[in-house]
Structures are given as C-alpha cells and as structure tokens.
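Each remark here refers to the structure printed beneath this line.
Read from first to last, the chains carry the letters A, B, C and D; within each, the first residue is number 1.
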C-alpha cells in the first residue's frame, strides 16, 4: 500500500515539477523519477517473481467498481523488463536530448510523457479491472504518441503519430468490445470474471473472446497484418523512444496476450494453431520487408515485427502444448517466448540507441549514404555489432538462447500422430531458420554498409563517437546480453514461476521436472558458447603470435586492376540485397525509379527503389480510399441552401410516417397474394 | 424564487440593453452571475418543489442548471476577453450582453419547466436571444448565419408546436387536458397511439434543431460558426442541452407507452445518421469552429444512442451530455484565443500553435483527447457504458458501425488539431502576434478537470442526481 | 359552415400553387386570414370572451390586415420584383399540392377518433405541407416568409381542433405566430434588404461545407 | 572426441582427393594428395596485405570463422560415440555456429569497400539462408522418426529397414551433400575455379584476404567438407562397434570426395540467378523426407 502511494506521489511530484525547471533539471528529474518508479515497482515485481504474489484491492469509484491490483510472476517479469529498458532509455535519452536543449517546452512535454508512459505500462501489468486497465492502456498510448511526435516540425512525424494514434484507438476499441462482452455476461469489471465467463461458456466462446482480445493486443504488438503503424512510428521517434517502444511498448501487447491466455478458458489447441500461423507469417513477412528498407530505423522497426513473430511462435507452441497436455512443449514454448521478450527488449533497444548515435553524428538514417562509421565510432560500432549478432540469434549471445528454447519446443512437439499438429510444427520448422537466415542477410547489410567500408557521401562534419553518457547505458545493456548468452540457466530459473502459471493450467504440479532438464541443456549451451568465445580468442591469439613477425603491407582494396578506388565503387546496400529482391519481388511492393544509361555519350544514370508494404496497400490504403470516396458522396448535405435544410426535416417526417405504412400495405398485399 | 429569478434576470437583460457604461455593464453582469448562482443553489436545496405551477427543479433540471451556471461564469469572462480585443462599439456590446443574459435565463427556465408548453415558450426565447448573439459581427455572413438559424429554428419550433397539438389530441382521448410532464407520465399508458406517434415524430424533429441531430442540425452549424466564440460555446453546450431536455422528457413519457420501440427506432436512425454526417464533414471541414460544431453533432448522436440502448445507457446519456458541455465549452473558449493569434478560423492559416501559446495548445491537446473520448476523459467512461448498453440491447451491428465512424472522426479531428498545434503555418507573419496570458486559459483547464473528476470518480450526490433523473425510464 | 370555410381554405392552397405574382400571394394570405377568422368564430364561440376576442383580433387584425400590409411595405421598400420565381412550373406545383391534399386525406382514414374532426386534420396538415412546399420550391426569400405564414395558418387550424378543451394552446399558437412573423419580417426589413439588394436565395449560400 | 580427430584427419586430404579425381577424369596426373595442405601451410608462413579501407573486423573474421567451424565439428558424433559437445538440440547449436562464421565472413567482405566482394557476400548470405530450412526440416524428420533431438541419439537410433527407409536414406544423403555443396560453394552452385569476379561466390568474398588469414579460410573449407562428410557417414553407421565405424567413416568420406570430383568434372554450374530456387528446392526434398517419415510411422494408414 505504502509503495503504491509512494509511486503515485512520485509521478505527481515529477509531473508537477518538470514544467518549472530549466532544461537540465527537467532531464535530471525525469531520469530520477524513472529510477525511483522503477525501484518502487521492482520491489513488488521481484517479490512476485520470487513467489510472493502481491494483491491489493482498491475501492475505486462508483463507476469503476473495486480495482484489484494483482502482481503475479508474469506481471513481475514484464515489470522488470519495462523498468530496465526505461532506465537505460532515460539515461540514454538524457544525453540524446542535449541536441534539442533549446526546445524547452517540448522537452517538458517529453519528460512528462516519458514518466507517464512508464507508469502506465507498469499499471497495465498490475491492474485487473477492465476500466482501469483500459484507462492505463490509453494513457500509455497517448503518452507514447506525445513521445513519438517530439520532432513535430517534420510532416512525416505528425503523420506517423496520427497513424499510431488511430491504430491504437482501433486496438482499444477491440479491447473495449471484449471487456464489454465479459462485463455484460458477468456484470463485473474484475479480470476474474473473464475466467468465470469462459469457464461457464462453451470452448468456442472462449476462442471468440480470445480472438477479440488477440486482435486488439496484436495491433499493439505488431502482428501482421496489424503492424502497419509500427514502421512509421519507430523512425519518427527519437532514438531512445524507438528503443523503448520496440523494447517494451509493443511487448505490452505480448503481455496482454499472455495474460488473456491465463485468464480465458478456451480451446487452447485451436488458439495455438491460430497464433502459430499468424506468428510464422509475421516473422517471415517482417524480415522480408526489413531487408529491403533503406532507412536504418525503419529496418529495425520491421525487425521488431519479425521478433514478435518469433515470440508468437513460442506462444503458439506453448498453447498447443496446453491443448495437447504436453508439459514439455508448454514449458519450452512459453519459456522461449518470455525469454525472447526479454532478449528482444535488450538487443532491440541497444540497436535503436546505436542508430541514435549514428543519426546524431552522421545526421542521416539513409543506409545508402552511410559507411565507414566503424572507424570513427568504435564503441557504437562494437555495440551495434553485438546487438546485430544477438538479434540474428547467433551464439554466444542472448538471442540464441531464446531461439534455442523455441527450437527445442518445436522438436519436442514432433511427437505423436496429429497431422494438424505436425504440419503446424513443420511450418514453424520452415519459418524459424528462414527468419534467422533472412535476419542475417539483413543485419550483414545494415552493419556492413553503415559501419564498414567507406562513407558513401561526404558529411558536413566528420562523424564523432557518442559521449560516455550515451555509451554507458548501452554497455549496461550489452552486459546483460552477454550475461544471458553465457549464463542462461540463471534466467531460465528466474522464469520458473511465470512459467508455472502456464504449465499449471493443465497440471496441478507447480514446477516441473522439464524445467530441470531444460535448465541443464541450457546451461550446457551457455558453457559451450563460452568455450566458443575462448576458442575464437585462442585462434585469434595464435594468429596474432604467428603474424606478429610477418611483414604487413597496407594497400588498396582489390579493384580488378583498377588502382584508384573511390567510395562510389563500393557495393551498395541495394546491390547487396538485389538478388534477394529479385526473388522476393512478387511478394513485395517496390516502387522503382530508373534512369537508364543511353546513347554513345551517356548522361547520368541511376536507380531508386522505394519499398512499400503490400499489406498496408491492401488492408489500409485501399479500404480507406473507398471509404473516403463513399463519404465524399454525401458532402452535398451541408450545401448552404436553406431550402434543402427545410427539406431534410420534411423528408424525415414524411419517410418516418410513410415507410411503415407502405410496408404494412405491402405486407398485407403479399399476404393477400399468398392467399390467392 | 423562480419568479424573482426570471424577473431579475430579464430585468438585468433589459438594463444591459440600454446601458452604455462599461462599469455598470460589469456590475450588471456580475449581478446576473450572482443571481444565477444563488438561484442554482436555491433550486438545488429545494429539489422537486414546484414553483409558479409550471417550474419544478427535478434532478435533470438541477444537473443541467448547475452545468449551465458553471459554464456561464467563464463564458462571461471570455466574452469580455473577446469583446475587449475587438474594441466594439458600446451599442453592440450592450446587445451582446443583454442577449447573453436573456439566453442563459431562458435556457435555465426551459430546464426547469415541468410543462411541455412552457418549455416550448422558453425554447423559442432562446432562438430569439441566440440570434442576436450570432448577428453580433454584423456582416453579410453573420447575417446569413442568423437568417438561416432563425428560419430553421422557427420551422422547428412550429413543428414542436404541432407535435404538442397532436399530444393534446392524444391526451384528450385519455380524458385529461393538463400538459405537464408529470401528468403525461401518469396518463402515458392511456395515450392514443396514433396521435402519440405523430406527436413524437414532430416534437423530436423540432427539437433536433436545438440538440443538433439529423435532420434539423444544419443551421446550428452555421450559427455556432458565426457566433462569437463564447456564444458558440454556449450554443454548443447549454443550448444543446435544451434540445436534450425537450427530447428526454418527452421520451420518458413515450417510454411508458406501446410506442416505445417505434420511437427507439426513429431515434436510432437519427442518431446513426447524425454520427455519419458528423463523420462525413469532420473529414472535410477546414474551419476549426465548424469542426467543433460537427463534433457536437456526433456527441448528440451518441447521447441518443445511449437512450435507445437503455439500461446503463440512460445513465451514460445524461452523464455524457453534461461532460460534453464542459469539453465543448472549453474548446470553443480556446478557439477564441486561437482566433486572436491567427485572426483566422481556417485550417490553412493556422499552425504551430504550440509555439505561440503553450497553455492554450495544452487545452487544445487535452480537449482533443477528451472530446474524442480517450481516457482519462469522462466521455470514455460514458462511451464505454453506451457501448455496453448497445451490446446488451443486441445492437451489435450498430456498435461496430459507430466504432468505425468514431475512429474516422478521431482521425479527421486529430489531423486538424495536430496541424494546428505542430505544423508550421503557411504565410503567417510572426511579428505582432498577440501574446495570450496563461491565466486566461485557467477556466478551460478547470472545465476539463471537471470532466475527469465527474467521469472517473463522480461524487455520490452527483450519481444520485443522475439516477434520480432517469428513474422514470423503464429500467 | 366550418366545413365550407375549410374547403374554401383548401382551394386557396391550390390557388397558391399556381399564383405567379407576389401580390397574389399576399391576397391569398389576406383571404386565409379572413377565413380563419370565420372558422375561429364559429368554432370557439363557447370559450370565454377574453380569449375569443384575443383570437378574433389576432386573425382579423394581424393575419388579414397587418401582415399583408407589412409584406406590401417590405416589397416596395426593397424593390422586390413581382414574380414569385418558382423552381418548378406551376402546373407541377398544382399537381403536387393536390397530391399532398389527397395523401393527407387518405392518411386521415387511419384515424378512428370520434372527438377530433377529420377535416381539421386534413386541412391543417395539407396547409402545413403546402407551406413547406412553397418554401422549398420558391426562389425568393420573401416567399420563404410567406410559406412560413402559410404553415402558421395550418398550425392555427390544427390548434382550433382542440381549441375548446385547451384554449391555452390556441393562445400559444397565436403567440408563436405573432412572434415569428414579427421577428422574421423584422430581420427582413431591417437587415437583409439593406445588405442584399435583390433578395435572392442564391446570395445566402456562402456558409457551406 | 574420436569424430573430431577423424574429421581433422580427413580435412587434410579431402581437397587432394577431389583435385586428384578431377585431374584423372580430365586425363592429367594432377598434384599430390597433400598439395592443398602444403599450400595452406605455405600461406601460414607468409606476410599479409591489408586494404587501407578495412578495419578490425576484417582481421578478426577469419579467426572467428575458423573457430566456429572447429566448434561445429566438435558437435558431430561418430555413430554411437558422441562428439565433444552433445546435448538435446545440439544440431541447432551446430547450425547457428556456422551462421556466426558466415556472418563474420560476410562482414569482412563488406569491410573492404570493394565493388566485388559485396556481390559474393550477398550471394553467400542468400544461398546459405535458403539452405537452412532444408537442414532443419531434415533434422526434424529424423527427430520425429527416432524421438530424439541430439545428433548422437538420432544417429545411434537411426536404422534402415523398409524400402521407404532406404529411399529416405538416399534422399537425406542427397540433401546433406547438396547443403555441403552450398556451404562450401562448390559445383553445381559455384565454380571455385572460375576466373571472373562477377561469377564467383565464395572466392570473390575472400579476394582481399592474404597470408595467415587466407590459410585459415582455406583450411576451414576443408574442415567443412570433412564435417559434412562425417554427417553423411553418420547416416549409415547406426550402432556399430568402433572397428566397423572407422572404416565406414573413411570409406564414405572417400566416396564423398570422389563424387564431388566427378561431379565437378562432368557438370556445368547452375545459372547464378537460378541458384536460389534450386537451393530452396532442397527444402521441398526435405519435406518429402518428412512425409516419408510419416509414412514409415504409419500415419497415412
């Protein structure tokens, strides 16, 4: 109780103070408030994760009814992720925002929204009253909207912001619909009513309710085809906000899905198949589009979609596990999903911070214009490299651990004789490596063109390494990435309790023997990953020892005999993925602009590609265009002519009076004819 | 007390009309506000006690009267701000305040009247006083707005009168001739169906002009656009509520008859069409005030949906109309400030308001969130309840259509608001921009704060009043 | 006797449909005022004297004399041309008004109410819709006002149907009549005539979306 | 452990055998069996030329690549003798380790800022990406067939019996061999002996490597051959005792090398832009294997 009170007081205090401070203090207060909030909530969260279920019932108002605050292990887990990402984001943002220190009012708004975003995210994890939940949800959406449109001078930023706002609204509408359904049946806003409702209804009712929730949360999480806001919002926001959005805000959608799985009693098998299907498509589609992007942040945004797909595969497998009463599958699926949620929040925020460093030193996000930053910004380069490796799921980093768990889940599901199950699993088995492979293509492209080679356009001033203020939070993230990669068993053990919630659905036993065996395997993975690191070091060391004595000649890159290489000769990012693009073209929507080289003495030639999202074109643009056309047909109504205005009234009254009469006559006529 | 109030207020209005002195004008307006406040408190304390035969301060009347009183104070304040910045001639100012006082008084009386014919008289008076406000600028376009408003309202009020005549036919069948609401309610089951239907359709159509519903919403848009912004605020809030009172009270009567479901269908059609029309024009208009006006149409439609759905929807409808009044009033007040900065209402001329008036832009931002029913706005709660009641009443398709339309409205509304707040204006000269003091926006913040408070954590007494107001509806 | 007057009233509506000139409109309004006087006198003879006097005064003084004079004045002052300028040919108007009358007549069959005399209902509703029809189909602003006055006459007839039971409603209707006519015409005379030289509907179409 | 040593051993003469086979089929005598190894040792002794464009990544990449392959080899079992690394799902680890090496090689290629190396890197990345699903579905089929999820357990309990199983064995061998071809950039996907940068895949990636680094890369290629050969061999070993498995292992490696030599002598490489679809076709073959496994398990009865 005291903690919650303190929590609220800190929010109010910070929000009240920020507008009156000077710019530096605005930042400091924001960071301090974020830290304090994180600390306060982490106490509860850590307690919940170690088994002390926290529950408190607030009286609420006459409108909302009693508001239960329940922190179980699942909430605790997500709260810790949120807190960590917000702390690194706040520290990174403190430095990042120095470039904008003249926009004092914007920064106040930004700081307040930042605190509110954190608080509302935490609230979403713990509130278990529909109305309170929806309010927290919307505050989260609105505050992140404000955070996104920080650079509101740009037209695209506002556009992206509105896009985000509208899709958030559709999301909340779907959630509202689902909550109303429950409230109608059980007349209670408590989340427990969801369980009561679905337990009493048929399994299909549960599935329908779940799907309603799922669609709502999927918009926030960015499942295809509900993802279209995401690639706009991420590039528009400042780097730390992109990091947080991708790291935790979209994860709250995952939290929602998991929470509903815990609450709703339904046909888990069917639900599992649906999630698995959507997730595989999401993963492949996300990465397919990520590869063709030219904007670094947009590329990262599409990768978030891909990773949500991977998490979704885990959840889908877990659900199938529940449905099949296969505890191993349940355990591994959800463990993979949860761990990947954590992992993705780490490496994706790190990648976005890295992209922020690039942006602030090179002043562009266009991959085609960047290059050779590795030498100018060694720290950022290394950090970005590690994060890239991690996001590709390569050992010895954390991404591998969670993907490994999901793989293990996939293989452990390869049993029995259910053809539907097997084909689902084969789908996952096809999807996962393909996603991994494509991610590799994508990140070699991104890292290779941004940090390696030579700069592809001459910047006004030479790029400089980011300051320590930005690097320290990034290194903190890095530490965790490597930590999870090398000592995964610690984190798997921490997942025991959240996982027990899921495995508990179909077995009375809390902790599982499977946990032990998985932990064992996982610890081996960690050990061997460490060994790999050592082995690589050893080979490198031997190489160094041997080559130390040998002559080293600096020279030019091999240019097929051409000895005056210029940066324009470098392979570009577009060319790097050209063969991929050619293959994937039928599935993508790429607008091309080509200027052919002609005649004997040709002028300039060139080619541009502008990737567009086919799902967006079909599902958003086209219906929207039709809707607009439809609306435009009715714009004669307010035509300024008074006579028409009177006519509306006359027509209304006449129709209301005449139509039922005519209908009656027609009906009696029909009856009469029938008699004949 | 009602008698004193009416006499006093109309007296003040008369004095204001003839007075040309600034100081006396202040005094008279303050006197009116004190009178209004006193009257409100008195009526609140003497709830459900009939006065002058034709006035009963019932729960609904009290709720709306309190709303009016709360809005009237900033309305007067913003009127001074508005007129002060324009250096108007004293004659126009005098007419302005006289009309405003008359408007507020007749609206208050219309809220409290317990007799349908008396309500009708005061509604007619509101048209008169409102038209004087609309014509304040005295140019071609305001003349056009006034003419349209007066004409459409005159037709509407005639329709209401015809409706009342039909109602009296119906009532005479039941062997009674007292047109007071309580009597109507008592006789409701005996009313002749045929006449009642006619009465309902005419009265409903007539009152839509005030409430801002399809079919007679049209002239109200022009009126809110052309009226000075404080007057626009009143027209979009308290004057709208007059239409609501008229429809609500009569609907309460109808709900006890066999015509109930038929009436529901009519209201449903009108409400859906209203939301639809609002959507169509929200995506199209480029005039901030007209946009707000269309937003009011949308909310009127929502309120009516609440009535149609029944159950918890009744509660939501009453709460919604009150909260909407606060939000719309503050948005219109803020629009006055925007106009002072840009000297334009057109979307093409405004922009980057965030830079020129930080406090005002916060009002705008919050007002947008609140008007589109995003939490923590109280409208979120009411819309949630309305959706719930629609769901419960089995109008799932209506719910889906409404949700879709509301989403489009948010999109259109948001696009314009963010253009206003954040995008740089075209060809706007920064020098000589009027600086607006933050304190001028204080009242708007208070109104918005009320929306949160009343929506999320309403005091018991308030809830009790709303429940009292809807107690005669079938539960 | 009232029935005869009411039928004459209905015929005046048809005449309204084919009238070309504004002066004819004014004449018809005068005639209608006189007819209403007759109907009211016969119908309301039983109610108390004060009320009756009020009603009769209103019909004869205002409806039959003041308003026509006023309209005349307005027309002269604003130099309004004589033609009524309908959108539709008069022939069509005639058919439509006839249709309105017939439809209301058919509709009135649905009433099975002994107390309310059907003919009042038919005439009143026909008048109402004819008025609305005139407003919608005529070009000039002044004809809108005339249409409105026709509507008022319809309302008056309707109120006479319950005039015996609820005289207060008749009075209210009269109040409405006086108020609205004075108000509308007042605006007209004072403002619109000054601002818009030829009072044409098209000049009041700038407020739109 | 024993498989590790055997694979290292194989790697020493694997290339030699291929080259010798190719020489023989074209009527030449050809170099000695250990000539490739000698070349590598010679490279180890040399100094290096580094492009001024390159950074640290370029120097570290070959070592990491080499280490990743060594590490991957440790996972390979020999019949029922487990590799140094063995746990449930170890082949996932195996595949991703190879991925790490490839990742760094691609980066190294991009690091040079060359006009050609990116091209090779792009192809390498694309091709191996398409090969991966085939490998995983293959392993999935085996996992379904045997109920185990580690290399050693799978291979130890893999028995051929019915005619379907032999077809599956052949198909699996085909898939693994083709994956090996893709991973090592050999015919028919890539011609290591081509002399035009525009048509190379792997060779163009390492254009700028020299000295010790080049040696590492070349040896890593040989190791990879041995590794895939070992995988294929494992398909046929079952749970034989050691004195049988080692000859089988060596025999299959020899057969593998010879068939690569023959293949490279008598076929032409695929058109570059058709490669991807051929590689993706491997996934379809893997799916066929999966269906075959279902058939074996009696799922279609």
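Here, contacts are C-beta pairs under 8 Å (C-beta built on N, C-alpha and C of every residue); 3 or more make two chains touch, one makes a residue touch a chain.
Because the structure is predicted, anything quoted here is derived from the model rather than measured.
S.K.: Looking at mean CA positions, which chain is nearest the middle of everything shown?
M.R.: Smallest offset from the overall C-alpha mean is found for A.
S.K.: If you take the mean of the Cα atoms for each chain, which one ends up farthest from chain C?
M.R.: So the chain farthest away from chain C turns out to be D.
S.K.: When the contacting C-beta pairs are counted for A-B and for B-C, which pair yields the higher total?
M.R.: Output for the comparison: A-B.
S.K.: What whole-Å value do you get for the distance between chain C and chain D if each is reduced to the mean of its CA atoms?
M.R.: Roughly 99 Å, centre to centre.
S.K.: In whole angstrom, what separates the CA-based centres of chain A and chain B?
M.R.: Spacing between the chain centres: roughly 43 Å.
S.K.: Averaging only over C-alpha atoms, locate the centres of chain B and chain C and give their separation in whole Å.
M.R.: For chain B versus chain C, the centre distance works out to 31 Å.
S.K.: Using the average of all C-alpha atoms in each chain as its centre, how far is it in Å between chain A and chain C?
M.R.: 68
S.K.: Where in chain B do residues touch two or more other chains at once?
M.R.: Counting only residues that touch two or more other chains, chain B contributes 147-148, 151, 155, 221, 281, 284.
S.K.: Two or more other chains touching the same residue: where does that happen in chain D?
M.R.: Answer for chain D, listing residues that touch two or more other chains: there are none.
S.K.: If I count partner chains per residue in chain A, which residues reach a count of at least 2?
M.R.: Where chain A meets two or more other chains at a single residue, that happens at 635, 638, 642, 646, 657.
S.K.: Which pairs of chains touch each other in this structure?
M.R.: Listed in label order, the chain pairs in contact are A-B, A-C, A-D, B-C.
S.K.: Using the touch definition from the top, list the residues of chain B that touch chain C in their complex.
M.R.: 117, 120-121, 124, 128, 131, 135, 140-141, 143-148, 150-151, 154-155, 157-158, 161-162, 164-165, 168-169, 172-173, 177, 179, 192, 194-195, 221-222, 225-226, 281, 284-285, 287, 290
S.K.: Give every residue of chain A touching chain D within the complex, in rising order.
M.R.: Where chain A meets chain D, its residues are 371-372, 374-375, 385, 389, 392-395, 400, 403-404, 407-408, 410-412, 414-415, 417, 419, 422, 425-426, 429-430, 432-434, 436-438, 440-441, 443-444, 447-449, 452-454, 517, 521, 524-525, 528, 531-532, 535-536, 538-540, 543, 546-547, 550-560, 565, 567, 569-572, 575-580, 582-583.
S.K.: Under the stated contact criterion, what part of chain A meets chain B in this complex?
M.R.: Its residues touching chain B are 61-64, 105-106, 131, 134-135, 137-139, 141-142, 149, 152-153, 155, 158, 161-162, 165-166, 169-170, 173, 176-177, 180-181, 183-184, 627-628, 631-632, 634-635, 637-638, 642, 644-646, 648-649, 651-653, 656-657, 660.
S.K.: Spell out the part of chain A that touches chain C in their complex, as residue ranges.
M.R.: 635, 638-643, 646-647, 650, 657, 661
S.K.: Using the touch rule from the top, collect the residues of chain D that touch chain A in their complex.
M.R.: Those residues of chain D that touch chain A are 44-57, 60, 62-64, 66-68, 70-71, 85, 87-89, 92-93, 95-97, 99-100, 102-103, 106-107, 109-119, 121-123, 125-126, 128-130, 132-133, 135-137, 140, 143-144, 147, 149, 197, 207-208, 211-213, 216, 272-273, 276-277, 283, 287, 290, 294, 297, 299.
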